[in-house]
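Both complexes below contain chain A, partnered by chain B and then by chain C.
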Partner chain A sequence: MNRQRLRGLIRKEFLQVLRDPSAIAIAFVLPVILLLLFGYGVSLDAREVPIAVVIDSPTPQTASFVAGLDYSPYFAPRYVATAAAASEALMAGQVSGILWLRGDFDRLLLTGRTAPIGVWLNAVDANHATLLRGYLEGVWQDWMLIQAETAGLALAMPVVAEPRIWFNPAVRSRDFLVPGLIAVIMTLIGALLTALVIAREWERGTMEALMASPVTMGEILLGKLIPYFLLGMGGLLLSVAMAVWLFQVPLVGSFWLLVLCSALFLLVALGMGLLISTLAKNQFVAGQVAIIVTFLPAFILSGFIFDIRSMPEAVQIITHLVAARFYVAILQTLFLAGNVWPLILTNAAALLLMMLIFLGITRAKSRKRLD
Partner chain B sequence: MWARIFALVIKEFLAILRDKASRMVLIGPPVIQLMVFGYAASFDLEHIPYAVLDQDGGAAARELVARFAGSPNFTEVARLTHQGQIAPLIDNREVLLVLRLDANFSRDLLATHAGNGPARVQVLIDGRNSNTASLALNDVTSILMRFNRDWAARHGQRGPPAELVVHAWFNPNLQSRWFIVPGIVALLTLVVTLLVTGLSVAREREMGTFDQLLVTPLRPHEILIGKAVPGFVIGLLEAGFIVLMAVLWFQVPFVGSPLALLLGLSLFLLAAIGIGLMISSLAVTQQQGLLGVFLFLVPAIILSGFATPIANMPEAVQALTYLNPMRYVLIIVRGVFLEGSTIRMLIPQYWPLALMALFSMGAATWLFRHRMG
Partner chain C sequence: MSAKTELALVLAGVDKQFRQGKRSTQALTQLSVQVQRGRITGLMGPDGAGKTTLMRLAAALLHPDAGEVQVLGLDTRTQASLIQQQIGYMPQRFGLYEELSLRENLDLYADLQGLPDAERAARCAELLRLTALSPFAARRAGDLSGGMKQKLGLACTLLRAPTLLLLDEPTVGVDPISRRELWSIIQTLHGQGATVLVSTAYLDEAERCDDIILLDQGRCLAQQPPAAFTAPLAGHCWRVRHAGMHRRALQESLLTRPGVRDATLQAEGVRVLLAENPPQPAPDEDWQPQPPRFEDAFISLLSPPSTPGQPAPAMSTPSRDQRASDPVPRSSAVTVDGGMAPAPRAGSTQPPAATSSSEPVIEVQNLRRSFGSFEAVKDISFSVTRGEVFGLLGANGAGKTTTFRMLCGLLPASSGVLRVAGVDVRQATATARARIGYVAQKFALYGNLSTQQNLHFFASAYGLRGARRQARLAWAEQEFALTDYLGTNTGALPLGFKQRLALACALMHEPRILFLDEPTSGVDPLARRAFWRRINHLAESGVTIMVTTHFMDEAEYCDHLVLMSRGEVLAFGSPQAIRAQATTPDHPEPSMEDAFVQLIQTHESDSRQAA
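On to the complex of A and B.
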């Protein structure tokens, strides 16, 4: 390894970056745009969901129940005269659900029986519907507690849950989605930066020129890795800054540990790009492969949005092939829970292993040979 | 003219399918990704790992705890003896939640006869994924509700004054897979289309063959047709395959009209091809083309309603989604699969797609000539 030659290669790579500024755009503009769009756009928290409310015969009892809906931040009740009109609104997608208090609500309630409250939900989006059902149950439970206190009705809830949601007491989905987004975005940046750089040298014939010079293959690879690593870390710090200051995600754990783990992950992402580029030797195929193996796996299999614990065993095993999986676990923990060493060390070790594998195969496949 | 276009179409198919790596890229990954994502992309919690700290130990407490052990949704990982054990379990993600019954649980529960209470169960949940936490809490609540009903009946207390009777339309068992798998149809179709079109012009520009194409008698719109047909054919074939798999393998109900789906997917493909070619002809190098593809693909998927509802987005971002072809095709695909939507009901989704197809294809044609690297 010759320091001077390596410096020369790095200088050359930087000049190429400056000439086609798309690499700078990838490192600095891409994370800002994507994080801005998604940080605001991606949320699983329903607010003011339109719901049709049908009350056959309004009484103080029904009023006390729907008051709970009115006060709830989750619902925007729309009062509809008939059940038929409500069902039409549900079919047309104007409301997400229907709540129907029938004419005998009072009678059943006051004679000690159980009055049914009919609820119909548009369950095409099952997750949304399940959350809505949970919010409605919350309204119902609060109403019963109030009934028990004020109306003197015997309490019908011997046991209630007293939830303590750790690490995210306000249950803001943004707090876990934004750290996950950083992992998805860094996966893209890493691959985009390096997926084409070696294939490009092959395609343009400049690889042959490089081979005719005294530089070694290791120096060529390092010459590709170091400049893009520096660019990528710039983009990463930008993302973390936005997460903390713009999106107000608390960073409970150590900042330096975050930087260290991120550097590790960036090396994995860049290593994957270099490997694709080395194996494909053709920018078109390298580009296609990069599109396939980076974004969708990082989006769906990393635990960023779909919890890995909800997946079948076999798929859980497959997720171990996705580097973002380990990084998402580290990010969500460092941001929200703190320095949980056993969890962070195991995931960081997995990243280290992947980095060694990617860079190792790349190195082994890069021979000074024309074929 | 048609002979010329036909020859160009043949050449484009060859360019895409000629080398083995490229063929593999178009056929293997979509099939694998459909299988893996179809199973992975789900919000439904099936085995919630939990631990119990029962400081009461009474019969009622044991009965309640047994309810969780007996539920198929919950898997007991540990029985704790003191409070200090809780934090490490949750911190290291070994359990999603801990149920804690304090020493007064039985006393409080028996006191509910006298109108006191209620007895409380502390539910300590890992909130790192707030959606998972909410869903798990829902499951805990429904077990408690069933326990309450049985307890009240057994002890001669009156039942709840009112109760929710919930019906889920279009998806009675609330399986999120029914929502996600039709979405994957649109997702993979978009990816395949962009793979075929997104780098194709940029590659020819970089190699210099595009200039040759421009000096042939081919008119720009003929070049456009030549480049669009392979994308359309490959995209439609793969979409058809994925739809079949969704119905036959994943057992997602298909209640609407196949024709409505075909029309929707065709319009969507045209819009996606137009956008792909537009990106490709704007780019001078394949590196720029790849950047362009990602800059379109990633927001198109994340802000489409595929995983997180559009209704949850702030107004400004919601307005942006009207520019996203994925938004419309997802409504079409899910509508046809689950809600039985017809062509007439989907017209509001069709015309924006048609408009996008027209605009993007026009822009691509114009760019062929006017953008020279």
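On to the complex of A and C.
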């Protein structure tokens, strides 16, 4: 390893990044856009859901029933005169559900019999519908408790649930999306950028000139690894800063542990990028391959948005090949739960193994030869 | 031992094969050559001869399948890193980092070659002076001209004064002035004791070498000093002039005579290479002896002696014979529509007499095109008459391709008048396009489709239907002798056939004007000859040919030409007229290249005085 040659290569790489707008876009602009998009735009919570309320014959009873809806942060009730109009609004997508209190609601209630209410939900988005049902049930359970209290009766409830929500007490999906997003961003910088830059050297013919110089293959690889490692860590700090200060995601665990694990994951991503471009030698192919085998799995199969446990068995097994899966687990734990050592150590060990495999294959595959 | 150390490079019984999928190509076969220290050795040969493979073997970037390669006494298999510390290798596409400045590129290679910091400043200054690049040290490599890039590439390989310098086609695509500068750098290095192995496609550069290795199909045909190549041909070379006959007709007539190995247009006459002495002049012909050139030796060694007058049997050994015995269409067989009359049916003949009319087919007046603040084409004007071969000459970056794209309606002009085949291109681009055929650089064919599928596609693309489509397809197949290759994917076709297929596709709709963008770039002299004969026949049948090239000697094939430099027209006229502009008492017979160099130098000193 010759320090002068390595220095030359690293300086060249930095100059190229600084002068190539596309590299800066991938390393800095894209992370910011993704974070803003996911931080503000994407939410898996249901809030202020428009719901049509049909009351056939308004009475004080029905008024107190729907008052629960009015005060709920989850619903934006819209009062509609007839069931037909409500159903039209549902078809038109103006509301996500219908609550129908029929004319005999009051009478049945007062006679002490069961008073059925009608609920229709738009279940095209199954997750959304399940959430709504839960919220609605909550609304009338609250109402029933109040009714029972005012009537001076103890509602006979054999089991009472007292939920405690751990790690994300506010149940904000943003708090778990933003840490997961960091894994996607690191994959982007680590794998996509690296895959492109080595392929570019082949495409422009600079690789042949490099190879004919006394530089060794190890130096060429390190000359790529070091600059993009630093760039990736820069991207990490930017993302963590945005997560903590802009989106108010709590960082419960250790910051330094987060940096250490991120460095490990970044090396895996760089290893994948280097391997792809060593094999592809063409920017277009390298870019496509990098997106399909690193970026998309990091998005879909890492547990960042979609829960791995609810995937089919076979897909669950496949997710073990996705490095981002282990990193997402580490990130969500460190941000929300804290330094849970057993979990972090097993996931970090998996990352270490993948890093050794990818960098090892890359080193073995890159010979200083053209044939 | 002493004899061995005199050799900088030794290849002994080297075989090299490349595999791609199921296909394999034998690049080098039992090749044994030696390069002596302290000399300039030229590496020549047609395309696919194995020049680049040899260079890469010498740079230890490839290992031989059999035999051994020794560089400076070291084996390339086991001592690659020691070799790479002592050689300088400049690949065909030298890897400059375009985002980095000239200076930063030099610094990078100084680091890579381990040039100590203390020596760096002096060495860089020396190289910048040698290459005359000092004024551009801060400019980005991507913004340098083609010639400057090549000089910078050379400077980068020279930073740590290599013992052996390997240069792979350093002068390709570079304007004549830069080409001369590059050679003067090589001569300077040689004077300082460097050993140089340089491959080149320009045959006139052979005379600058001490020794020539001539490769063909991976084998060494000969290795000797250039004088030894030309000596046996003394008395075989003549220049023929005919008082009444057009030189192109004279060339055709000479090519059909027995004993004529080669006939090329040169100055006012035709240069002839005879197989045997003495010449048998026909009446009215003036035969003057000429000194033989390396090109003559190249032709006589590489083209199989055939019986002129009757075309050699088609493609008995296709990879080789397709170059020399390219079945050139006789003018009577060409059916391309040259006139304004409705297109004749295929198979009918078109009288070649149409050439005499002098109506302008292409008119360009005050044409400009700028990209941002950069003016690629600055106020140029010229016109082309029907049935002529019109050349657009100039180095890379002269504005040829920009002009060409505007003529084809592929790029809108910034201002000026542009009429092609009687249609204003700026108003009716589609109409103009239907009247032209276009062969792009590197022949834009679909490599994964067969020859037949390519033909069918282009027939459909030009909207040919029914009987006319059948007739044109049959014409293309027969005219360009493509029958044997109809089922072959075009990616696997030999270069000569690709060229023919590209022409067939471009002529499918019987255009009046054929645009050819650098059709001979990267093509060896034999294929270039065959190509130009084909073009001449097309022109005789009335098709107007517009062609760009950076080979100055190809100017002789044109009836008229425009010489461009930095977006401006330096000269417009017949080759003779342009050469006449450069004729001085010292230079009674300047070549087109001499004329080009002189015109540029005068132009630059003029503009400097004006400024």
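Everything that follows uses one rule, which is that the second predicted complex is superposed on the first by the 365 of 371 C-alpha atoms of A that agree within 3 Å, B and C clash if a C-alpha of one lies under 4 Å from a C-alpha of the other, contacts with A are read in each partner's own complex, and residues count from 1 in each chain.
Note that in this section a contact is a pair of C-beta atoms (placed from the backbone, for glycine too) under 8 Å apart; a residue touches a chain by one contact, two chains touch by 3 or more.
Predicted model only: the values in this text are computed from it and were never measured.
Novice: Once chain A of both complexes is superposed, is A:Thr130 in touch with chain B (first), chain C (second), both, or neither?
Specialist: Only chain B; A:Thr130 stays clear of chain C.
Novice: Per the contact definition in the header, classify A:Asp20: touching chain B only (first), chain C only (second), both, or neither.
Specialist: Both partners, chain B and chain C.
Novice: Residues of chain A touched by chain B versus by chain C: which partner has the larger set?
Specialist: B
Novice: In the overlaid three-chain picture, which partner chain does A:Ala209 touch, first (chain B) or second (chain C), both, or neither?
Specialist: Only chain C is touched by A:Ala209; chain B is not.
Novice: Looking at A:Ile226, would you say it contacts chain B, chain C, both, or neither? Reply first, second, both or neither.
Specialist: So A:Ile226 meets neither chain B nor chain C here.
Novice: Just to be sure I follow: which residues of chain A are touched by chain B in one complex and then by chain C in the other one?
Specialist: Residues common to the chain A contacts of chain C and of chain B are 20, listed in rising order.
Novice: Spell out the part of chain C that touches chain A in their complex, as residue ranges.
Specialist: Residues in contact with chain A: 18, 56, 59-63, 80-81, 84-85, 87, 89-100, 104, 107-114, 140, 153, 156-157.
Novice: Which residues of chain B touch chain A in their complex?
Specialist: These residues of chain B touch chain A: 19, 21-22, 25-26, 29, 33, 36-37, 39-49, 64, 90-93, 96, 109, 112, 115, 117-135, 137-138, 140-142, 144-145, 147-148, 151-152, 157-172, 174-176, 178-179, 187, 191, 194-195, 198-199, 203, 206, 285-291, 293-295, 297-299, 301-303, 307-309, 311-314, 316-317, 320, 334, 338-339.
Novice: State the interface residues of chain A toward chain C in the complex, per the touch definition above.
Specialist: 2, 4-5, 7-9, 11-12, 15-16, 19-20, 201, 204-216, 368-371
Novice: Okay, in this complex, where on chain A does chain B touch?
Specialist: 20, 22-23, 25-26, 30, 33-34, 37-38, 40-47, 49, 65, 90, 96, 105, 108-109, 112-131, 133-134, 136-137, 140-141, 143-144, 147, 153-169, 171-173, 175-176, 184, 188, 192, 195-196, 200, 203, 280, 282-285, 287-293, 295-297, 299-301, 303, 305-307, 309-312, 314-315, 318-319, 329, 332-333, 336-338, 340, 342-343
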